[in-house]
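Common to both upcoming complexes is chain A, partnered first by chain B, then by chain C.
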Partner chain A sequence: MIYNIYIFNKDGTCIYYEDWNKKKQSQNQSEDQKLLFGMLYSLKAFITSSSPKKIDDKTGFHCYKTSTYKLHYYETLSCIKFIIMSDPNVPDLRDDLKKIYSQIFVEYVIKNPIYKHGTTVKCDTFINQLNLYLKQMPSFSS
Partner chain B sequence: MSDPLSNPTINTTNVGGQTTTQNTIGGVGGGKSNSVGTPYTTPLQTSAYTTANSLSATNSPIPNHHMINSNSSNNLSGMVTPGGAGLQQQQSSITSSTNNLGLLGQQQPQQQQQQTLLQPFTTQSRLISASCFEFFYIEMIDCIMKSSSDKQQAHKKLDKLGFKVGHRLVERLSLDTALFPELLDAVKFICKVFWTTVFKKTIDGLKTNHKGGVFVLTDSKFQWLQHLSFDSSASNKDCSEYVQFTAGLIKGAMSNFGFKCIVTFDIQQVSTCVFTIKIES
Partner chain C sequence: MTINSIYILNKAGTLIYQNDFGNTEKLSHNSYIRLGSTFHSLHAIASNLSPVSGSSSGIEVIETEAFKLQCFQTHTGIKFYVIADPNHQQLEELLHGVYELYTDYVLKNPFYEIEMQIRCDLFDYKLNRLLGVRE
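Take a look at the complex of A and B:
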């Protein structure tokens, strides 16, 4: 089961957020987003500095799991971060996050002449396509 | 061994008057003389010929082939300067390696190598130019909208730009096409060849009135509006400036076929465009 998705740009601004199936509501969404970004930034730095082996794309940070949820993480070369939170039993979503970036985000946000770089994403087409993609995944609702 | 063969070829390319005479001597060379003549006889291709000339000087074994390729590359360069520069470099490196391989073997293996190596380049260039052009197009329209006093002036500028591009592009596309017996064939050319070159697909629908002076072209998935999306809360959802350039393209193409016309367009549901061509008589 997938709970929500975040997209951060390189400045740490959350440019897109949407939640489904979530049971616990957020008190201050903006504060939660900053907290999440800060945590991920620190976690990535920690993993890089503490790893006994050299970090590369395949061994770098891409998810963590707790007893109640699992966080999937994908960062592009341009420092755009895609984060999905799901229940702990969902398999690795790294490939799906890559597809979301290359086939939905680039096509319907970057190539959209109306979109201003660095602002919150509100494009109808992107939102529709993203929801279509996520909801056709087997792990979305089960 | 190869030196005596390459020298005459260089001379042939450089001296226009002697091209036909010298190429007739050799069977293979004779077959290629037509392609040498075609670009040169078209005034608009003069710059392309110059580029081809410099390339053939470097890679003498098969200069004609390079010239044909250079025309295509040059055409792209005219639209996408940064991308075009990259293409030129790629092309040079590919042809250089081909030239080296050719020196080791006979004439025929040389040609085969030539064709094999050039194929992937062609595919790559198309993919690159499509994406580069889309981004350039976004910036072009943004720039024109900002530099114009009002929307009407911006539309006039875009229409004029499109007219010039369409006029030149259709010259390039119709090199191997026979003369059109009537007006309908010119419009069909726009719907098929022209549209495929610019938008990678054919027009989805073509209607005409019984007199034949008005044509309605429907594109149900207009390429340049596929990625355009407004915010759901947006009050102004007018995106006609992203289609005006295309109306100019059609106008310029028809003008170069000898038909003066007025082209209007209508944006219906998401990314469906209807272009109406009215022939002026």
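Take a look at the complex of A and C:
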């Protein structure tokens, strides 16, 4: 099942966060978001150094897994980062993250003239479309 | 299926063993130590970020386009991690095999000091044989 989604812009600001199937109450959400961004920044640097072959800075990192969750990662060329946390048995969601970017985020956020870059997304249409898309996925609730 | 590197970290995150296999280019010794310490921190933060209540382990698998990293942490906090081809499948069994070699040829070595760098020829030899069999 899917636990939450984060969207970060290139400055590391979390511009969208939503959780479902809630299992744990966060003490301080904005601190968690900063910790996650910093951790992913370090993880990408670690991966670049560890790789036996040349690795792309944007498309190199796919996902990581722990005993309780799996983090799926997709970064666009404009450095917008889409992150989904799910349970460990969910297969790779990178294709879904690409669709979320190209079919939902670009259509309802980037093309929205009211939206200011770098601010939190509050667009109802985007939120509705995103929830619609995620909830129709087979791995959303099981 | 290629194994590129293996690292062993002690419970403080210090690199106590590292070996490269195949034709990977070598980094400086300090770079390996830094990579080990970085992984130790990332491992700990990943368990903090768990969206599920109850305790979570740290990173067990990292998948990228060029390699796959599999990590095994013992109950005493020693971390074994290996960097291999993205499609390699038996890394978990391999790490348990390395752990067995570690207990047999490092911990039972009376000259080995706990938490220090591993310099045991027999461990090196057995490890190379284990990886040779897997490849």
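Going forward, the second predicted complex is superposed on the first by the 138 of 142 C-alpha atoms of A that agree within 3 Å, B and C clash if a C-alpha of one lies under 4 Å from a C-alpha of the other, contacts with A are read in each partner's own complex, and residues count from 1 in each chain.
Criterion: a contact is a pair of C-beta atoms (placed from the backbone, for glycine too) under 8 Å apart; a residue touches a chain by one contact, two chains touch by 3 or more.
This structure is a prediction, so every number in the text was calculated from the model and none was measured.
Peer 1: With chain A superposed, do chain B and chain C clash or fit?
Peer 2: Pair status: fit.
Peer 1: Touch check for A:43: first (chain B), second (chain C), both, or neither?
Peer 2: Touch partner of A:43: chain C, not chain B.
Peer 1: Tell me the angle subtended at the Cα centre of chain A by the Cα centres of chain B and chain C, rounded to the nearest 10 °.
Peer 2: Between chain B and chain C, as viewed from chain A: 140 degrees.
Peer 1: Of the partners chain B and chain C, which touch A:85 in the superposed model: first, second, both, neither?
Peer 2: The second partner, chain C, only.
Peer 1: With the two complexes superposed on chain A, say which partner A:108 touches: chain B (first), chain C (second), both, or neither.
Peer 2: Once the two structures are laid over each other on A, A:108 reaches chain B alone.
Peer 1: Name the contact category of A:122: first (chain B only), second (chain C only), both, or neither.
Peer 2: first
Peer 1: Going by the touch definition up top, name the partner, chain B or chain C, that contacts more of chain A.
Peer 2: If we count touched residues of chain A for both partners, the winner is C.
Peer 1: Would you give the minimum C-alpha distance from chain B to chain C, in Å, for the three-chain superposition?
Peer 2: The answer is 27 Å, the least C-alpha separation in the overlay.
Peer 1: Given the complex with chain C, which residues does chain A contribute to the contact?
Peer 2: On the chain A side, the touching residues are 3-4, 19, 23-25, 32, 35-36, 39, 42-43, 45-47, 49-56, 59-69, 71, 85, 87, 92.
Peer 1: Would you mind writing out the residues of chain B in touch with chain A in their complex?
Peer 2: Those in contact with chain A are residues 134-135, 138, 141-142, 227-234, 239, 242, 270.
Peer 1: Touching chain A in the complex: which residues of chain C?
Peer 2: Of all residues in chain C, those touching chain A are 4-5, 22, 24-25, 27, 31, 35, 38-39, 41-42, 45-54, 56-67, 69, 83.
Peer 1: Can you list the chain A residues touching chain B in their complex?
Peer 2: Where chain A meets chain B, its residues are 107-108, 111-115, 122-127.
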